[in-house]
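Here it is, the structure in full.
By written order: A, B, C and D. Residues from 1 in each chain.
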Amino acid sequence: MGIEALLVFPLAGIALIFIANFLANLISYKSDNPTKREPYESGIQTFGKTWIQFRVGYYLFAIIFLIFDVEVIFLMPWAVVFKEVGAVALVEILVFLAILGIGLLYAWKKRALRWE
Amino acid sequence: MEKTRITMGVDVKNMETELGNEFPGNVIPAANGGNIVVTKLDAAINWGRKHSLWSLYFGTSCCAIEMMQTGAPRHDYSRFGFEVARVTPRQADLIIIAGTITVKMAPVLRRLYDQMAEPKYVIAMGACAVSGGPFYFNSYSVVRGADHVIPVDVYVPGCPPRPESLLDAMFELQNKITEESMAHRVNNNPIDGFDEGTTK
Amino acid sequence: MGNQQFLADKIRTEEYLLNMGPQHPATHGVMRMVLKLDGEEIRDVEPVMGYIHRSIEKMCEHVSYKQAIHLTDRLDYLSSHMNNEAVALLVEKAAGIEVNDRIKVIRTIMAELTRLASHQLWWAVMGMDTGALTTFFYGFRDRELINDIFEETCGSRLTMNYSLIGGVRYDLHENFVKRVKDFIAHFKKKLPEYDNLLSNNVIFRKRTEGIGILTKEQVIDFGMNGPTARASGFACDIRKKLPYSAYDKVDFQEILATEGDAFARYKVRILEMWESMSIIEQLIDNIPEGEHRVKTKAVIKLPEGEFLQRVETARGDLGVYVISDGKKNPYRLKFRSPSFANMHGLNTMSVGTKIADLVVNFSTIDVVVPDIDR
Amino acid sequence: MGNTELKNIIGSWSENLTFVEEGSEFLIVEVPANELRDIAEKLKTNKDTAFDYLFSLTGVDYGTELGIVYHIESTTHNHMIVMKVKTEDRETPNFDTVTDIWAAAYFNESEAYDLFGIKFNGHKNLRRIFLDDDWKGWPLRKDYVDEFNMLTR
């Protein structure tokens, strides 16, 4: 039963995508007009250049958030199996968190978290 | 089951002849009017669609307060599926024009209507949105009725209408949706005809 | 790690224009603000109005004084009773119509109830602007009780058209006094709940304290009024300065704060709700007997000249300025709108702050857009 | 401070001011257009008058002339004065701006320009704030006719 199950899951996933799209197109209303493609800015045409250079702080905050968000995702499966694995899991996770902690410390020292 | 309700709706077909020249400017008739054949698939889709109409956050003047009261605990329109008022037209199915549409606001309303995702419905709430209301005479900057700008499905009289009458208008819209059929879908011709409600 | 400050000064940032446009949750209607932004910081706010300009002043030149009262409901619809009262008082003073005490007390009670309803709605939407949706439901739940009172006596919930030249349209309903007393008892228990929900909430405090500070001189120079100006220490309450109706027979305290920031403006309105309730309590038990309408001529003509009447609405002092040439409709009728004056301070308040602070500032000056555009 | 003392103080500043008492509860000062700025300056800076609060600025069409009515109040002495300015020429009526004296005039002058067509020289950002930029005509003037939008009854 091993190898087939491995194949069924990805194929079923991909098939579901196409089915959903096909059904949606089948019963959906389609109306296209020029203003629909324009960006929505509270009902007014956008004016002025929007492709501009803005503060680098935004990008840094986004990246740092991303790192620690992914870290939390790794914690989820760990928490599920924590009971069976016992103390070894605790040590493993502490090492994992320590490494990422050093990353945070580095960003802190490089003043990436400073806003003003 | 034939519904025996007195529908006060204006017959879309010969709208021009009835109104004559009393009502200035040409009125854009609503697109998805009543049709005949509603298949099983239509009935299922319409049932789902009519119970989850999200309205656009569009209140221009006094009627917006009564619309908020309808959203508030006592008259709560989320009991009937109008769960929340979305801010962007991309996520809204229904636009409740609560208040006066002035000449400067009409292109904005038109743009919001165009940017809404299909299928979209319009409720003209209050006398100002129906026909210019108290600002019909002696006012140089009011569009006399929102149906000069976009096709309106349900009109709600009152200045401002009570929350109960707005709820009744929502039921009226839901009845209208049940009779919709996919065959009569809007083929994607953008409606023109925005003339600021003026006597040409 | 070298001490190079690589963040702020080396990399050049450009400014861009953003529309906080007519259809926006934070603009309380259809006010459009063109923001010049550098990242999230505001460099300049330029309000563009007129999306709800319904030419009420032009219409008033074509209608008689009685009909003009009906139009004032649509100006600042959250204090519709005070607008009607303003035009009624002006015409009564100009045409020399004497109004008995019962009418004055009824008008004052109705004005304070409207102020309470308006501040409740402001508080509900203020919570929503700063991200707390529960305040919307609390505020509107209590507002429904006032709507019931208005509906029973004046016949309409929002645009009441209740004040006439020479009195009020209907006499008080028989259980008006009971309902008002029940409402006051109910709301006295609920207002402390408002405080626990929002005023002492640490997130709300952080969002509003020290934001959008205006000094007293700036407020006077900008011509601002109402609770927004009183939060900076400028005593501009028309009920105290030029008392009208029954305000001279009632003792209440004019709320003043000195910090002039967003939280001060918030606190002033909350305390004003307590004052309004105490005014109603002082008046509700001894409403004098008498006619609710004084006999007036069918067509009221004002003598030649110009008249000014100022009334304290929920947003500030509304001035009605009439130039009359003796005919039955005014030659020129100008509404000096309180929100229109308060808009002058917005730019100074929010330059240098973030967009989120602009939302808080705009919400604390409590603007009703048709009052601005008229 | 009563109207008479006000009249004497302000009267001393310039000869061609005319004072009107009847027809209104406040003292009315009619100022010629060229002296508008320094009378306004004196009204604000003079200690006894100290008019520092511009209550309202109203555009008026008197039939042949166009005028602006300033209601100015003093927050310290609690009295109010009405200052009027008139001009004959209806094609390009213009007055000096008072935005640097009272910042409250900033939007009010834009409104007077938008609805009456009265220009204010020196105003930093004079534009139509209520109507579209391409709106023809000045709506609140008495001779404004617009059968396109306006159904008069």
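In the analysis below, contacts are C-beta pairs under 8 Å (C-beta built on N, C-alpha and C of every residue); 3 or more make two chains touch, one makes a residue touch a chain.
The structure displayed is predicted, hence computed values, not measured ones.
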| said: Of the pairs B-C and C-D, which shows more C-beta pairs in contact? | reply: B-C
| said: Between subunit B and subunit C, what distance separates the C-alpha centroids? Give it in angstrom. | reply: 30
| remark: subunit C to subunit D, mean C-alpha position gap in Å, rounds to 25
| remark: Per the C-alpha means, the centres of subunit A and subunit C lie apart by a whole-Å value of 45
| note | Note: subunit B sits from subunit A at a C-alpha centroid distance in Å of 39
| request: For subunit B, write out the residues touching at least two other chains, lowest number first. | output: 104, 108, 112, 137-141
| task | Could you list which residues of subunit D touch at least two other chains? | result | 130-131, 139, 152-153
| What are the residues of subunit A that contact at least two other chains? | 43-44
| remark: Chain pairs that touch, by label, are A-B, A-C, B-C, B-D, C-D
| Across the complex, what residues on subunit C touch subunit D? | 46, 48-50, 53, 55, 57-58, 62, 220-224, 234, 236, 241, 304-308, 319, 321, 323, 332, 334, 336, 340-341, 343-344, 373
| said: Per the contact definition, I'd like the list of subunit A residues that touch subunit B in the complex. | reply: 27-36, 38, 40, 43-45
| field | Footprint of subunit C on subunit D - complex, ascending | value | 22-26, 52-56, 58, 60-61, 69, 71, 75, 78, 82, 102-104, 106-108, 111, 115, 125, 128-131, 139-140, 152-153
| query | How about subunit B: which of its residues touch subunit A in the complex? | reply | 41, 45, 88-90, 108-109, 111-112, 114-115, 118-119, 182, 185-186, 188, 190
| task | Could you please specify the touching residues of subunit C with respect to subunit B in the complex? | result | 21-25, 29-30, 50-56, 58-59, 62-63, 70-71, 73-74, 77-78, 121, 136-137, 140-141, 143-144, 147, 157-159, 369-370
